[in-house]
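Chain lettering (A, B, C, D, E and F) follows the sequence in which the chains are written, and residue indices restart at 1 in each chain.
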Amino acid sequence: MTQFNRILITGAAGRLGSELRKGLAPLAKHIRISDRVEIGDVQPNEEAVVCELGDYDAVMALTKDVDAIVHFGGAPLEVDFETILDSNIRGSYHIYEGARKNGVKRVIYASSVHAIGYHEVEAHIDADSPVRPDSLYGVSKNFVESLSRLYWDKFGIESLCLRIFSSFPEPADRRMLWSWLSFSDCVRYVEQGLTAPRVGHTIGFGISNNRLKVVDDSKAGHIGYRPKDNTEHFRDAMEAKTDIPDPNAPGVRFLGGWFCELGHPDDEGK
Amino acid sequence: MTQFNRILITGAAGRLGSELRKGLAPLAKHIRISDRVEIGDVQPNEEAVVCELGDYDAVMALTKDVDAIVHFGGAPLEVDFETILDSNIRGSYHIYEGARKNGVKRVIYASSVHAIGYHEVEAHIDADSPVRPDSLYGVSKNFVESLSRLYWDKFGIESLCLRIFSSFPEPADRRMLWSWLSFSDCVRYVEQGLTAPRVGHTIGFGISNNRLKVVDDSKAGHIGYRPKDNTEHFRDAMEAKTDIPDPNAPGVRFLGGWFCELGHPDDEGK
Amino acid sequence: MTQFNRILITGAAGRLGSELRKGLAPLAKHIRISDRVEIGDVQPNEEAVVCELGDYDAVMALTKDVDAIVHFGGAPLEVDFETILDSNIRGSYHIYEGARKNGVKRVIYASSVHAIGYHEVEAHIDADSPVRPDSLYGVSKNFVESLSRLYWDKFGIESLCLRIFSSFPEPADRRMLWSWLSFSDCVRYVEQGLTAPRVGHTIGFGISNNRLKVVDDSKAGHIGYRPKDNTEHFRDAMEAKTDIPDPNAPGVRFLGGWFCELGHPDDEGK
Amino acid sequence: MTQFNRILITGAAGRLGSELRKGLAPLAKHIRISDRVEIGDVQPNEEAVVCELGDYDAVMALTKDVDAIVHFGGAPLEVDFETILDSNIRGSYHIYEGARKNGVKRVIYASSVHAIGYHEVEAHIDADSPVRPDSLYGVSKNFVESLSRLYWDKFGIESLCLRIFSSFPEPADRRMLWSWLSFSDCVRYVEQGLTAPRVGHTIGFGISNNRLKVVDDSKAGHIGYRPKDNTEHFRDAMEAKTDIPDPNAPGVRFLGGWFCELGHPDDEGK
Amino acid sequence: MTQFNRILITGAAGRLGSELRKGLAPLAKHIRISDRVEIGDVQPNEEAVVCELGDYDAVMALTKDVDAIVHFGGAPLEVDFETILDSNIRGSYHIYEGARKNGVKRVIYASSVHAIGYHEVEAHIDADSPVRPDSLYGVSKNFVESLSRLYWDKFGIESLCLRIFSSFPEPADRRMLWSWLSFSDCVRYVEQGLTAPRVGHTIGFGISNNRLKVVDDSKAGHIGYRPKDNTEHFRDAMEAKTDIPDPNAPGVRFLGGWFCELGHPDDEGK
Amino acid sequence: MTQFNRILITGAAGRLGSELRKGLAPLAKHIRISDRVEIGDVQPNEEAVVCELGDYDAVMALTKDVDAIVHFGGAPLEVDFETILDSNIRGSYHIYEGARKNGVKRVIYASSVHAIGYHEVEAHIDADSPVRPDSLYGVSKNFVESLSRLYWDKFGIESLCLRIFSSFPEPADRRMLWSWLSFSDCVRYVEQGLTAPRVGHTIGFGISNNRLKVVDDSKAGHIGYRPKDNTEHFRDAMEAKTDIPDPNAPGVRFLGGWFCELGHPDDEGK
């Protein structure tokens, strides 16, 4: 179903961006792909743009003539505040302003488990639970979740804020046995967000169909995400090569994992 | 399992009534079928009765010697108030009075999504959410839900109020991709309601196992309904022949669909 | 503050109607008062109309040129179904149709504790709790609560559904020590409903500031009702002349009091 | 995965204890099995100990050098208070003291549906619902649930309190069509409790994947229990040989089944 | 209002028992007062009984011919388990058995904040929040709360479980500025529990009208407790003589105060 | 009670800052007052500092040697994004970094109703309701609420985020009859935040004791704010000089008032 004429994917050179380029291709005639670095292997259906999200004029141009935005750009983990401020906060503001000024009606935003990383795994939170970021990175995710709420309530732009848990080729530690989001499931959730009849402002939890269920995604049921993957076939190997975890270690206790064990980025290396 | 001696089905000439006649046949030795119009193709196990539900004496007779009532009669969509008053309100009162006077202990009532049609699809309501009817028709469904609650609390008659979403041979528009209830699933839910060990007063959401999940039916888990059908095989054709919906159109935004776009029946044709 | 040009009060010959005529006089230049019986002692600011609410044309005329409706008419307690159907159900429908056709923007409706009479006193329900009527009378209150919800969602007419507990000159039994609503507090709540900046569709619990608190009215906080009366000065006399209640008697156990001990009106006198 | 050096199973001679001995064998090099009676057929990997849980010193010795405790010992149904006091209350206290003094970090405790037996089946309670025991036996389960909460909050010992519904070779009555926990599913839940990365203090509902769903186990989703069995293949036979239940009988109405119909154990035989 | 012929007060020699003897005198012709030690200054309306609550026969005699029981006996703080088992657990069981066998219909039980002591002060729990005891003493309070729930659901004996926070002549530390229950307010709450029309099984929070509000007692609103005292007149002196607290100290962070800082009673003195 | 050696007040030249300088004077020996503009009328107990919050080094110096921070600085209403980014987002980050680096343990932050401005007045939200900002200004408030949550969970710095509704000398429009926070009550709330035994991370609603109650502040009960003022003495004058509001106007319907009617700041003047 080529539902869209043109989709924009930001952060297209990143780990997930590369998957989305392939996975979303059937949905649109054209895919505009952007990143702050050169993107390799550009396909015939793709328009590659090098763009700093902190550059207002560049983002206004980038978001022109697109029907939907898959916003996965910005710093992907904990870094110093000024980088987060420019890439994630100002950059995302530019994306939403681009959407508003250019008439784009829907945005799929890569939020993160780190927006709610300090909730305990046994708290079984859902999309309406209060935020508890575990890092400056997580705070920037809350910022965009709030910003996109405003752009829906005031300007009628829909957003799916997809809180991605652990999206890697395969689980990299024991925690990911429950927190893993396969690349295919990630693409699947974004695709549902793009095609669902009504998104409004929705917060979803991006996680595969793993055995342990630590969050409740039912409030995004109108998006229609149905995960197909799970981590059971990785379990034995992972448990064989890693120690039994201490249930009180912050990285085990809290949703955010090792982000909860990080100090402040200013203190790194001290 | 021929659990019952005689079941009464009202509205038996209607779209769903016809399905119920076949589907529920194994449950009872006799099925009394009634409608305001002549019912065709009466089977040996069936007793056909033409009956206006607004006629008290007729309904008292109709409900005699039955073990359970499947009450699907009444006006099936928005019409003028006096018709609703007579068919749905007075008529359903007669059914419950018949049950009370004749010792019938359980009723399965065809309530409707239109009893809660003004909730937004992203609200993910459950059976305890406040009512928000989208039509006079929906108000009459709330009336019977309230009446049946009284008949349980005061007179010990159990009811399953089954809020039917969109029960048609196949989905007729994009909204039904999430709201469709297959005929088999409809029969399945009614059958569970008739045979569950305890119904008390239960409100259920009649919807198939469609990809998008917009309401939470878990409070009817003691009924044991497990849908078997879904709309995925209709999706491509439906999406090919219909436009992408405007998420802000009332018919997309609210559970009740196009009923929310109807004016008052008195104003029709003006 | 003469905020309104003309208010309509239905049921104006009734116990509460008489209080409202006096209490609301300062709010409007004209008060149209109606009842099915002749109303005595008509004041210069009043326009008295004898009107059956079941008469469509009469109600259309009655609701003309009014700015707000205080709808206290209809059968005030459990009676046979046809009376309830005509007075409370059809009659209230006419009132709302009159409001719609004549451009009246706000209605204060005398709902009742009997709309939720089968909740236990220790359940501490609030305005969003499911309905549990204790009588046909209570079912008719649920009908109007549902109808008024529709008229707000679809036609933009605001309603305060005021669930009146026990509004009498003074408490008439031990239960009223907690359920009593003084006449002044009743007028106060209606007045707030008429003048609050936004009512939308609100359900309020009409009860004075009595010592025992069995329901939670906080969801009507935007109406601004602050009760001034309470039953403490009646307590000693009431306790002296009545027996200690059995906590398991339905009239003590449930919000609805003795209505929960009534049988069906058809069985009365048998 | 031989994750543990030594697990202790109490009540190992009981119906479920026997299943656990086999089912948990792969998890530990050694399994210490204890009961108040001699245990038959001791395997090479097992250390059998006859032990009264009411004997403090014996339990201190019993819990030494173990890595986890599967505490299924104690009186398994309603008996006189002094037996419950000694076996279930004092006995379980000894188990937790043994864990504390011997450094055992995790306990799987056989709680019971009878801890919440007086909730109605249509209440759909979850792990945070208030307790409503249906027997002195059930009260003792609440005691241990409370005690284990203290031992987590204050002493850092994790507990899974597994509320076992009806764990028998096969369903023994109609109620068990919804309440049955197969032996394999029981072992499965305990195994998940032993190996989940973080248990903290968790209450789980031990029930197979039966058609009717009367409780909500989602708050134990971090344990990762996924039932594999259900009762559908027993349904026809059971329904054929037992009467249709009265939905108002306490044994049908309440979660606890026939325990709700028991009198006080002191009155038995009178 | 001499509503009762005879009330029994256990723990009548204790701090609160002495207050209750005076405060409840107007409610009953006779007050039976019991304690494990001799009670001084026996009044003409009082019947003093020395009684170990662990002695079954003595308690059966003690509870004879009484109309209501105010059960404040048992160990009043953290002690070794066997003392708690005998005084608080077995002793309270005897009280409830006495009530059942002797036809006493209502019990006011001195539960404690320590039944929920490990909740954080900012959690704002209410009566339905899960228990989190902070001590063996607190566990025994949960035991009686569970036991009394059974005696209501199964045997129809009403209980008010009054979770007393800090009832002393005056606040003894900074925490008591919010947790203090004046003696008069304590008597007031018990009196309301004895005279309220329906108690069923109610959990109340015994705390005066102090400035800081850390728990929500609204679910006991049907009891009608209205505190009259508060700690503001003690504030300046208390703040002058005590240090500013560390908000992370367990005694500040948790409802239970210094009980959360206690170790296990077996470890005391080590 | 001179509880603190030195408090820092930012935004001290602003409307509320001036009130806080006076009101908080008794709490501290020294008050450091800062603003981006010169502050007039400096008192002997005050240390005035001109400081741009966007200047990292300046804020590090500003926050040195203080015991608590009352952070009321930053842009006080809707302005262009870059101003908000610098003053409110970067500036508040600097304040929290200053607190962290200089060992300040508690911050009182001037959040705003505009953090939740798009909730309807009849929604009766509390502190845990999802955010719904009504402006870029509101989004910046959500940012700081999220940031301060991180600084509590990870770095142990307490924050009271005080969502100020309408704090002016007197109500300026009809909406403020319910939303007004008197200057005295504002100071009172801040004072409570500074002196409460435990703040953790608390969100409070800053509003006086006005007749209409549209939000639920009970989750901040451990702060101990008790408003003393209300708007009733302004009501008549205000109602006389302003029109009756349209309940559907965004400024009446939503908590945020006229902020909900603002367009985007970039579009102003167009």
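Just so we're on the same page, a residue touches a chain if its C-beta (ideal position, glycine included) is under 8 Å from a C-beta of that chain, and two chains touch if they have at least 3 such contacts.
Labels paired with UniProt names: A, B, C, D, E, F = NAD(P)-dependent oxidoreductase.
Predicted, not measured: the structure shown is a model, and the values here were computed from it.
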* Enumerate, in label order, the chains that touch chain D and chain F alike. => A, E
* To do: State which chains count as neighbours of chain C and simultaneously of chain F.
  => E
* To do: Figure out the least number of contact steps between chain E and chain F, where 1 means they touch directly.
  => 1
* Out of C-E and B-C, which chain pair has the most contact pairs? -> B-C
* Asked: Comparing residue numbers, which of D-E, E-F or B-C shares more than half of the contact pairs of C-F?
  -> E-F
* To do: List the centre-to-centre spacing of chain B and chain F in whole Å, with centres computed as mean CA coordinates.
  => 52
* **Gap in Å, rounded to a whole number, between the CA centres of chain B and chain A** => 41
* chain A: which residues touch two or more other chains? -> none
* Touching pairs - complete list by chain label -> A-B, A-D, A-F, B-C, B-D, C-E, C-F, D-E, E-F
* Of chain A, residues touching chain B in the complex -> 1, 3, 156, 158, 196-200, 202, 218-219, 221-224, 226
* Structure fact -> The chain E residues in contact with chain F across the complex are 120-122, 124, 174-175, 177-178, 211-214, 216, 236, 239-240, 244-245, 247-248, 252-253
* **In the complex with chain A, residue positions of chain F that touch it** => 81, 85, 89-90, 93, 97, 100, 118, 128-136, 138-139, 142-143, 145-147, 149-150, 153-155, 260, 264, 266
